[in-house]
Structures are given as structure tokens and as C-alpha cells.
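After this come two complexes, each holding chain A, first together with chain B and then together with chain C.
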Partner chain A sequence: MVILFTARIFYSMTFVPFIYSDVTCRIIGFSISVIIEGLVVIPVIILYRKHPDKNICQLAYEKSKVLGILIGIAFAIAAVMLMNRLFRYFGYFMYVTFPNFLPLWVVIGAIAVVAFYAAFQGVEAIARSAGIAFVFFILSVIIVTIALWTKMSFTNVTYNYPKLEHISFEVFFEMSKYCELVLFPILYPYVKEKAGKSLYGAIALRLITVYAIIIVCTLTLGSYLNISKFPFFDLGTYAETFIIERLDTFLLPAWILVAFVKTSILMFIGKIALSTGLKKVKSNVFLLIIAVTAFAVTLPAVLQEKWYFSNMDKAIYTIVIFALGVLLPLVFCFGKGDKNENE
Partner chain B sequence: MRMSKIFFKKLLVTAICVFNILSLCSCNATGKYEKLDLDQRIIVNAMGIDITKDGKFEVTLQILAQEGAGTNTPIDPSKPNSTTVAQVADTIPAAIERCETDLGKTAFLGHTELVLLGKSVTDLNPVMDYVINAQGISLGIFMAYTDITAKEILDIKVNSGAYSGEALKEVFEESLKNGISTECELIKHIDNIEDTNGTTVMPIIKKIKDPIKSSEEKDNSSSELDFGESNSDGKIEAGNEKLEGGGGDDSSSGGGGSSGGSEKAEQTAFYIDGAVIVKNKKPHSVMTRDEIAGLSFINSSVAKQTFNAKLGDMLTAVNVSSTKKDTKVSIKDNRIVFDIHLTISYEFYINYSEEEQKEAAKDVTEQIYSLCYKAIDKALKQENADIFGIHSLLNHNDYRLYQEYMKNPERVLKLVDININLNPQI
Partner chain C sequence: MEKKTVVKVNENNYETALISKSLKQALLDLKIISGKTMDLNIMEVEISEHKCAVVSIEGMASTSSMAELVFRPLMKFNVKGYATEDDVFKFLTKQSLLSAERKILTTYGEVFLTLFSGFALVFIDGCDKCVAYGIQGFDKRSIEEPTSDGNLNGSHEGFIETIRTNISLVRRRLKTPKLRFDMQQIGTDSKTDVCVAYITDKAPQGVINKIKENLNKIDLDTILTTGYVEPFLQGKHKSMFSNVVSTDRPDTFCAKLNEGRVGIMIDGVPLTLICPSLFIENFQTIDDYVNKPFYTTYIRWIKYIAFFLAIALPGVCVAISTNHPEILTHKFLMNIAASEEVTPYSFFFEAIIITIMYELMREAGIRLPKAIGGAVSIVGALIIGDAAVSSSLISAPLLIIIGLTATASFVIPNLNPQISVFRMLFIIAGGFAGLFGITLCFAFLLINISSLESYGVPYNAPLSPFTFRAMRDVFTRPSFLKLGRTKTIIEDLNGAKNL
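Take a look at the complex of A and B:
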């Protein structure tokens, strides 16, 4: 649950939440997307109940070797795509907030190397890192909220009649970020708690956190939200305590930790997906291939400072996520389960 | 398996080493990624912006003066600890860059606490564009006007352990509590400008050269102001003593020097007096101190203000603070009526009888009514400016009117009436 939450919350910190539509549409769009997500995770939960010890690639491999290899490659490509997006968002964040600090390819390369090491150590190491990142993130949200408490005002809230096009855009935008759907069909054999609890727990946790962030941002920043590139980070520049004048430097480590956890878990699932089908090659070779590929794919965009994703890109991401995270589990839901199905 | 693990561990160590080397190399990098030591940076405490006669930007940076700060020698409290550097260029960033060239150091704006605009700044567009997008500038910095040049204010030397920019910030904070200054944080200005098609209120900071003549000079300096239209009286009433009915706050009339009686401190005092109404991102007119006090009461932001109330033949001090605000919006005879109910608490320094307290409270209440209606008359009736958060009230109470407002704010504002109801609590 913590891994899934940490992997997903990265977008709440970096993406530009209010630049496309107002806060009303944002909240409605986000709420709808959460409901949809609650529904589309059902196939993977059923799959887990039927085959709790086998990930989706193993199931495919049992049916057909070629199918297993193809699905493994598909998941690995999805992991690389998601890492590409993550690196570009993180690069953009560094580009805007800390320009001329370091060459951005070095920053992204450093995250890739550290994430590679975590993925190399296995899911336990990632889970521990995710726990630290989760605590740090929640702590930073709470501290920033407390520091800004006196600066919040309901007069900063501007309501607007929601427009259908804005809401649908928000839903579409959110759906392109359902990374849990890609992660969980591979990860669930490693999960100690029940799948439903993990998935719905992560979704509920994200719902609460994103609502909290939206409320704090809106009550504090008001109309500045419409022009802010990183509203959550801007809260840090505005918040101050008796000891610390600005809290943005406090938010930065949370950002880096969350980015690192997400990268490492994506590398890990890519490795597992490929090594399930291609058993002759050592799994760590795949890990290396995935890390290098993700970095290499992102490098041209980083060097050319291309940060934005077009609507077409988002549509492709959405299709890939739904194909791998919803349709495939749905297909494998049919048929007999394993012996320990009812355990 | 074992071989594979060893191989990957070696690979990892190599990769980490490569990145460490790269990081070390970047520490020695030149050009864009050149690393700067602390002594290669100048910490900017305040920034002043003026417009020269030929329309260029004159940017003044107030920075730490090494001779007073103990950089080379032990801290010397007898010397001023700030200095200024100014340069002129076509744009603000270019002027800052020239300042950096003069100093041979890079300016760090992350600790800037104040952006001061000289009276020559007649268009806020380039200034707002710069401060919103400038690297590192906090949303909480104070932004204000001055009736002279920003350079003159920032040139004030303070030898009390604080910068004049820092002292100014303290003056702002105290004035805000006392209700004689408007909100002046950058985020508030951005909010107001975004919500109201470029309307905001910025406090005016003034310099007292000679406190003995200060009262007289304040009156004279008022007439020197030239922010678009002049105010209704042709001059600005200034100073605490000008608060109607003898009311006033004595705690925040100046700042800049801690050594109260010294000649130097007297020469460097500054105070907040009135505010500039900005419309369409251009300074439009000036609000007096009384009007600002009224605005603060309407916004329910007065933490503590002392009024002098008549009690028989004598005057007594009453401590006043805003506690609650409640607004109702209604439409009467094609007019949009805002009924603002303000709960205000009164505290007396001396134990009076209940009758005496009521009598004093009545006098203070009348004074506050007068201040509030002065503010309404000036901002709404004369200037047609939305500085009372009308857009927000309409948005929260009547969405149809809000939409009308967004289409044509000027027309809607002409239809607005504000009624003040005070609920004094002794």
C-alpha cells in the first residue's frame, strides 16, 4: 500500500494541477477518476484471489511461452515509458526551481543509479525506502499545513460552474497516471496483505492526501494557483516557522525520495516481467537494460528541455495502462484458479 | 548466481564512482553550472525599483555591508551594516545583472524581504512579471510604494543590528496589526490583481528627515505625491494625530533606528502613511491613513489599535481590535447591497464604570464608522475599485452577479452599496 501510494503521489507534487482548469473542475475530475480507478482495479483483485502466488507474466507463460515473453516485454516497455515520464517531470521541476544547479542529465542519471541499486537489492529494500519516503512526505505536508494555517482564508476560494470539457480533461489526465494498474499485476505475489486492502488503501490514502493538498493550496494561494507551475512547492516558499524562514528546502528531499522510490519500483517490475519469460538470462541483466533504456530514452528530451506531454502522449499512456492493468487481468480472470485459491 | 551478484556489485560500484566523479567535476565546472562559494554571492535583503526620466529601470539592491557585519573584522555595531548598489538598464533583470557586474558577485534573491517601488513606477506589469517569475523570490515578500525614490529609502543606514529593509518589514508587520497598513505580501497583490483585473492596494512608505518637523513635512510631502489622480482633499492627511477625533495609534509611527534619541536614528526614521490604489496594474490614486484604517476595520484585520475617546471633558485611551466579520449580500432597488457586520472588542486601560465605558465606546464606535465610510467613499464611490473583496463575496453569495462582475467589473461596482454595522463588545 505504501509503495503504491508513494509511487502515485509523485504526480501530486510535480504535475501542474490547476493550470488547465479551475479548482472546482479539478476536484470533481479527480473524484470521478478515483471512482473509476476503484472499479478498474477489480479484475486485478480477482486475479490475485485466483492466483495469489503468480504474477500475470507467470500466468501467461504457463499458457504459452511466447505469450509470456510478449507480455513481459509489454510490461517492461510500460515501465520504461512511466520512467520516461517521471524523469521528464522531475527534470522539469529541477529546471524551473533549481536552474543551473547541475546538468539535468546528471540529476536524472543519479536518480537512475540509486534506483537501480534499490531495485537490485529487491522489493524489501524498496519497501523500506517507500516507508521512509511516505513518512517524510506526510510529515512535510503536515508541517507546511501547520505553518500556513494562519495564512489560509476562505476568501481565496473562487467557485466556478464546472464545465464538462474541463472535467473530462481532468478525468482523462488522471487516468493517464494510473500507474498502480501496471505495478500491481506484477507486484501482488510479494504483497503480504490482501490485494484489495493494498489497492483500495493506496487509493483512499491518495484521495485524502490530494484533497488535503488541493484545499491547502486553494485556501492559501488563491488565484495564484492559476499561474503557479508547482503549487505544492510554492506553499513551501510561502510557509515559514519560527526557526525556518522558508520550507521549500524541506519539501525538496521528500520530492527526491518519492521520485527515487517510484523509479526503483518501476525498474523492479520491469526486471520481474522480463525475467519471468526469459529465464536463461540473469534477471539483473534485465534490470540493467531497463535502467539504461529508460535513461537513454529520456536523455534527448532532457537535453532538448522538452518537458511537456501532448494529449496524444497522454492518450497512449492511458491505452497502455488500461491494456496491461485492466484488460489483461480481465482476460486471465477467466478459467480455473490455483489450488490455494480459497486460502 | 554468485558470479552474477559479484559482477553487478562491481558494476554498481563503478557506476556510483562514475557519478561521484561527474559530480566532483561539476563542482569545478565553468559557465552555466559554475559553482559559487558563499563569499561569491551577495545576499539581497531588499530591492528597489525606480523608473528614470528616459523610461529605464533603476534597480537598487540593498545588501550586507562587510565593514559592519564582521566579514573581515569583528562585528562593528557603530557602522551601518547595509549598503546599496544601483544600476540602470532597459529591463529589471538586466539592471540586476549590471549590479552583479559592479560587485563582481552573483545576487541571491532567496532572502529578499522587500520590493519597494518608487513613485516613478507607473506601470506594474514589468515589475509583477519579474517578481512572479524571478528565481527564488518568496511569495511572502513585502511589496510597497514610496513617495520618493526607492533608492532613497533603501539608502537609509541603520546601525541597530538590522537592515533598513528588515526594519521596514517590521514596521509593515506592526502597521498591519494596527490597521494602518494594508496587506502587502506579494501573494496578496498577485491574488488581488488576478481576481479583479489588476486592482490592489499597496502601502506607501515615507522617510522622516527631521522628526521635529515631521508633522509639517508629512503634510507637505503628501502634496508632492503624483500617483495619477490626486485624492479628494488635494492632500493626504498623515500621522496618527490625524485620525479623526484624536484617535490614533502611537505604537507604529516609525522605524529604522533603535537608538531613539540619537540624531542619526532620528534622521533615518521611516513610517507608513496611506496607500496607493492600483487599477489595471497602474497606480491610480492615494488613500489616506484614515481611509486605510477604515479599510482594515472592514476587512476585520485590526489586531490592536488605540483610540482616544471623549469621556466628559477628558480623553481616555481605548484599545480596539476586530474579532468577527459577517457579510450578507442582497439586492434592493437594483442595487447590490453588502451588509457587513463587524464585531469589535474594546478594552480600557482604566477601570471605568459601566456607564462611562458605554459613553467612551459610543465615541470610538462613531470614529470607526467614520473611518469605514471614508474608505468606502474613497475606494468605491470615487475610484470604483474593488479593494473590499467584492469579487469574492459575489462569488460566494450570488454566482449570477459574479459572472456579470467578471464581464464588466466597473459597471457592477457602480451598483454596489456597502453598509457597515458595528457590534461593539466591551
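Take a look at the complex of A and C:
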């Protein structure tokens, strides 16, 4: 649950903003997307109930070796794609918030190296680190909120009549970020709690966190929200304590830790997906291939400082996520299941 | 059919060779195997007209005990008429109480093991067995206050080098028949006694078996310190942290056994090993359970802060001063800028130099004899504290930071090696990449701790995986009224696996 939450919260922290629409549309769009997400995770939950000990690649491999390898490659490509997007978004975040700090390719490369080390140590190490990153993130939110307490005001709240096209865009934008759907069909054999509890727990936790972030941002920043690129981060700039002049740099570690956890779990997913079908090669070789590929694919965008936030980009990710995270589990849901000891 | 002894025994084949029936041959064998070592004492005597020999190692067996417990009773034994060698043997084994510990030996391997353990052996002519009496009298250090883990209010007894004394120190504190000590010899040459201690209904059987299995895998000539055994107990992990903790305190050892851990004692070493161990145990001391809970809770938090100060403070300061000065308040920034203005090097370089100097002096202070060790502190204080600042080589704020860091690291002595290395990593990362580098270093530290498992128990339990019940003794320390009622043993921790 914590891994799924930490993996997803990166986008919510980065793109809680209201670049595309106003607060009202954002809240409505986000709420609708959460309901949709609650529905589209059902196939993977059914799949888990039927085959709790085998991931989707193993199930495909049992039906046909070629199918197993192909699906494994598809998940590995999806992991690389998701890492590519994460690196681009993180690069953009650093480009906007800390310009001329370090070459961006060094920033991305450093995250990839540490995430590689984490993925190399295994999913349990990542999960335990995610637990601590989660605590760190929550503490950051609480500290920033406390620091801003005196600056919050209901006079900052503005209400706009929600437009349907803005809401639908928000929903579409959120749907392109359902990365849990790609993670979970591979991850669930490692999960100790029940699949439904993990998925719905992560969704609920994110719902609360995002609402909290939106409320704090709205009450503090007011109309500045509509021009701010990273409102949650800007909260830190606005926050002041008697010890530290501004808290934005204090929030930076939360971003990095969350990005690191997400990258490492994606690397791990890619490794497992490939090694299920291609058993002759050592799994750590796949891990290295995945890490290097993700970095290499992102390098041109980072060097050219092009971030590709187009709708086409979002559409591609939405298709990939729904194909691998919803349709494929749905197909494998049919047929006889294994004995489920957890039920 | 009578067993045949090996015709020519020597130092290479003596282990399983049977003791010769002839006393003359047996004594000759002993001399050949030992290479006529000068500390082998052979005293030939006659007991009830039978040739016998008392064999011991000089300095290992107590001479007064030998006179009182062996020679005096032996000389008194006199059977009227003819006594066979079996009568003498029967007297030695069944009808006399020469010493508290008695063994019957049949091979030269057993003979030398017991001889070198301080036993006195009685050989009888015509008998292919000998009797060993435990009258050890080698010099040993008396029980003293533990040196590595000081405390104010707890027991002042510490483990010593003699394993039997250490066992008695534990037994005295845990008078339950469920406390078991399983002894085995490790080291092909040293044959060091290694004892596995556990409480049967608390320690998981899987863990006990796995530890014994790991100990049996040790294929070393000698075992001289805990460091020889530790890697075999740790397993193949790639973390900088150790999942085996050591202590020289019997009370800590007993507390851990009571929590379901397994203890390992090594003869000749005053430190004992405990596994599985947890990261948070590095912050717990026996004084925590003596002081009032409110004070212990407060001190615990101080220790956690000390850990982060010791590891990250210089790195964070370097990161902020070189890459993120906007964080600091105006006055603070001005003060640092003023002090840095007079120094020739950057804050980053200064931090590296002064950290290396501190490590040099710390290492010198440890290695030097105590009498001279104090001089290192004086030199250090003079050079760093006064000369370096007055000559404007190093800024005063940095000196305060390193001083604070060093003091903080003394609070958690168990983690000193890791703290030293990570501190330098944090400084380098902070200097090159600011708080971004610091965070990545922190992620690396996190993975190092999180990847570690100790006999199926996650090293960073009960924090992650989270176990609410066990958390009571992590950030707080409840009263024994609560702790005693609902004890948490190692198996109860989330994520703990059955081995």
C-alpha cells in the first residue's frame, strides 16, 4: 500500500497545480478519476484472488512461452516508459525550481543509480524504504502546513463555475497517471496484505493527501495558484519559520525520496517482467538493461530541455496503462484459478 | 574383538587414535604428538601397586587443586591384596569425588582437547581409557566493569574472557531450566569453545538451528575474536550495517535472550554476540530500563537526533552554505559569511579537512596506550581549537559543527564505523550536489538499513515494517507495569519470517 501510494504521489505533488483548470474543476475532476480508478482496479483484484502466487507474466508463460516473453517485454517497455516520464517530470521540476543547480542529466543519472541499487537489493528493501519515505513525506506536509497556519485564509478561496471540458480534461489527465495498474499485476505476489486492501488503501490515502494539499494550497496561495507551476512546492517558499527563512528546499528531499522509490520499483517491475520469460539470463542483467535504457531514452529530452507535456503524450500513457493494467488482467481473469489460501 | 590402536600416532593422525593400553606407550604417544612440548607435565605414580601417570599442562591446571583433589586421594587408595587395573579405574570413576567435573576419555583427540582446556588426566597401565578431572587453574581476569558499554545505574559486572565464568554470569540471572547452553568447538587448530545460548520457549527453533548450522560452516584455523565468527552469522548481505550485535554486559545479554534472541559466547573473548538484532537496538542501553520512563523517552529522542547530527550535520551545513544559502535567516547568513571571509578555502574543503583530522585523532586516541592517549586530546584541542581558528585556516562555525558532530557520535558507539563513513559521504554529496545529494545519500543509507535482514527479521523493524506493539519501546519507554504485561518477542514483529 505504501509503495503504491509513494509511487503515485509524485505526480500529485508535482501536478496538483491548476495549470489546466481552476480549483473547482481540479477537485471535481480528481474525485471522478478516483471513482474510475476504484472500478478499473477490479480486474487485477480478481486476478490476484484467482492466482495469488503468480504474477501476470508467470500466468502468460504457463499458457505459452512466447506469450509469457512478449507480455514480459511489454511490461518492461511500460516500466521504461513510466520511468522516462518520471525523469522528464523530475527534470522539469528541477529545471523550474533549481535552475543552474546541477546539469539535469547528472540529476537524473544520480537518481537512476541510487534506484538501481535499491532495485538490486530487492522489493522488500524498497518497501521498507518506501515506508520511511512515506513518513518523511507526511512530516513535510505537516511541517509546511503548521508553518503556514497563520497565512491561511478563507478569503483566498475563489469559486468558478466548473466547465465540463475542464473537468473531463482533469479526469483524462489523472487517468494517464494510473501507474498502480501497471505495477500491481507484477507486484501482487510479493504483497503480504490482500490486493483490495492495498489498492483501495493507497487510493484512499492519496485522496486524503491530495485534498489536504489542495486545501492548503488554496487557502494559502489564493489566485496565485493559477499561475504557479508547482503550487505545493511554492508553499515552501511562502512558509517561514524562526529558524529557516524558507521551507522550499526542505520540501525538495520529499520529492527526491518519492521519485527514488518510484524509479526503483519500476526498475524492479521491469526486471521481474523480463526474467519471468527469459530465464537463462541473470535477472540483474535485465535490471541493468532497464536502468540504462530508461536513462538513455530520457537523455535527449533532458539535454534539449524539452518536457513533452502534450495531450498525445498523455493519451499514449493512458492507452499503455489501460492495455496492460486493465485489459490484460481482464483476459487472464477468465479460466480456472489456483487455490487461494488467503481467501 | 579388542580395538586396535594406531601403531604410530603423530601430530597429524592423533585425533581418532585410541589410547594405548600400555602406560609406557601412551606416555610416549603423548610426547610424540605434542612434540615434547615443555609445558606437558607427566607425573608417574603408583596407586595400589599399579603404575599410573598424572598428566597436565603447566599453568593450565591448578597446582593446589591437583595436590588436594588428585594426589592426596590417589595416595590414600590402597587395596589390601591384589587390585586389578579395573579396580583402580572403578575407584577413580565411581568411588571417589576427586573434582566436580570428570570425563572418561578414549582417544588422543579427546585427551589433548581436555588437556589444553586445563584438565588433569590420570592414565592407568593396562587400561585403554583415562580419566580427566576439571581442576583448571589458569590465570584469568576477574569480573570487572564493562568497558564498551558504560552505565550508571545497572549492574557493573561485565563478561570476561573465560566462557565458563560468562555462562555462570548468565545462569545466575536466568534461573530457568528453559535456558540452554549448547557448546561446540570451532577452529581446526584453536578448537575454541563456542556456546549458543537461548531460552527454549522464546527463541524460534528455526533461528537456533540456522545459527548452529552457520557456526558449523566455519572453516577457520583459529577463532580469536568475535570478528572471526560474525561474518558467518551475518550471511551474504551487501549492507554496511551489521545484523549481529555484540555486548559485554550479562544483563543486556539476558534481556535479549528473554526477547527470544540467540546469544553466542566465545571462549577467550569478553564480547558476546546476539542475533537477530535490530537497528533501533543501537539506541537502547540498560540505563533506559533503570531510569524513569519520562527521562528515558527524552533521552531516546536525543539519541535519534544525535544519530542524524553525527551522520548528516556537516554535510547539510556544507550543502546549505554552498548551494542553498537562501534557507538561512539573514543574520545567520551574515555571521557565516563573515567567518568564512577570512579563511582561504571553501566551506566544503574545510569540512573535509577537519573531518579527516578528527578521524585521525580519534583513531590515535584509541590505539595509543591510555597514558599517552590523553596527550592526543591536548594536541587536538590545541591544534584545532586554537591554532587553526586563530590562523584563519578554519572557520569557527565549522569547528563548532564538527565538535557537535563528534560529541553526537559518542552517544551511539555501536554505529561509529558506519557514522564515520556516511558522514564523509554526506559532506561530499552536500558539497557537490547540495540537498539533492544529501537526499540521495540518505536514500542510499535507507536502502543499506532496509535491505538487511537478520534471521528472517527485518533490520529496521518495528519501524518499517510497522509493528505498533513493539513501537512502544522505540520512541518511548513505558513503565514495566505495561512492558511486563505485554512483552514483544522477536517473532511477533511484522515481516518476521519462519526459518
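By definition in this document, the second predicted complex is superposed on the first by the 337 of 343 C-alpha atoms of A that agree within 3 Å, B and C clash if a C-alpha of one lies under 4 Å from a C-alpha of the other, contacts with A are read in each partner's own complex, and residues count from 1 in each chain.
In the analysis below, a residue touches a chain if its C-beta (ideal position, glycine included) is under 8 Å from a C-beta of that chain, and two chains touch if they have at least 3 such contacts.
All figures in this text were calculated on a predicted structure; none of them were measured in a lab.
**Q** Figure out whether A:Val107 sits in contact with chain B (first) or chain C (second), or with both, or with neither.
**A** It touches chain C, and chain B stays clear.
**Q** Where does A:Tyr161 make contact in the superposed view: on chain B (first), on chain C (second), on both, or on neither?
**A** Once the two structures are laid over each other on A, A:Tyr161 reaches chain B alone.
**Q** Let me test your reading of the model: by the given contact rule, A:Ala133 touches which partner, first (chain B), second (chain C), both or neither?
**A** second
**Q** Please work out whether A:Pro300 is in contact with chain B alone, chain C alone, both, or neither, and reply first, second, both or neither.
**A** After superposition on chain A, A:Pro300 lies in contact with neither partner.
**Q** For A:Tyr117, select first, second, both or neither according to whether it touches chain B, chain C, the two together, or no partner.
**A** Both partners, chain B and chain C.
**Q** When the two structures are overlaid on chain A, which partner does A:Ile243 contact: first (chain B), second (chain C), both, or neither?
**A** second
**Q** Considering each complex separately, which residues of chain A are in contact with chain B in the first and with chain C in the second?
**A** The answer is residues 101-102, 106, 110, 117, 245-246 of chain A.
**Q** Please output the residues of chain B touching chain A within their complex, sorted ascending.
**A** By the definition above, chain B touches chain A via 1, 4-5, 8, 11-12, 15-16, 19, 22-23, 26, 32-33, 110-111, 132, 135, 138-140, 187, 190-191, 194-195, 389, 391-392, 395-396, 399.
**Q** Given the complex with chain B, which residues does chain A contribute to the contact?
**A** So the residues of chain A touching chain B come out as 99-103, 106, 109-110, 113, 116-117, 120, 154-159, 161, 221-224, 226-227, 234, 237-238, 240, 245-246, 282, 284, 288.
**Q** Flag every residue of chain C that touches chain A in the complex, lowest number first.
**A** 238, 320, 323-324, 326-330, 433-440, 442-444, 446-447, 449-451, 453, 458, 460, 463-466, 495
**Q** Flag every residue of chain A that touches chain C in the complex, lowest number first.
**A** Going by the criterion above, the answer is residues 94, 98, 101-102, 106-107, 110-111, 114, 117-118, 121-122, 124-129, 131-133, 192, 242-246, 249-250, 252-253, 256-257, 260.
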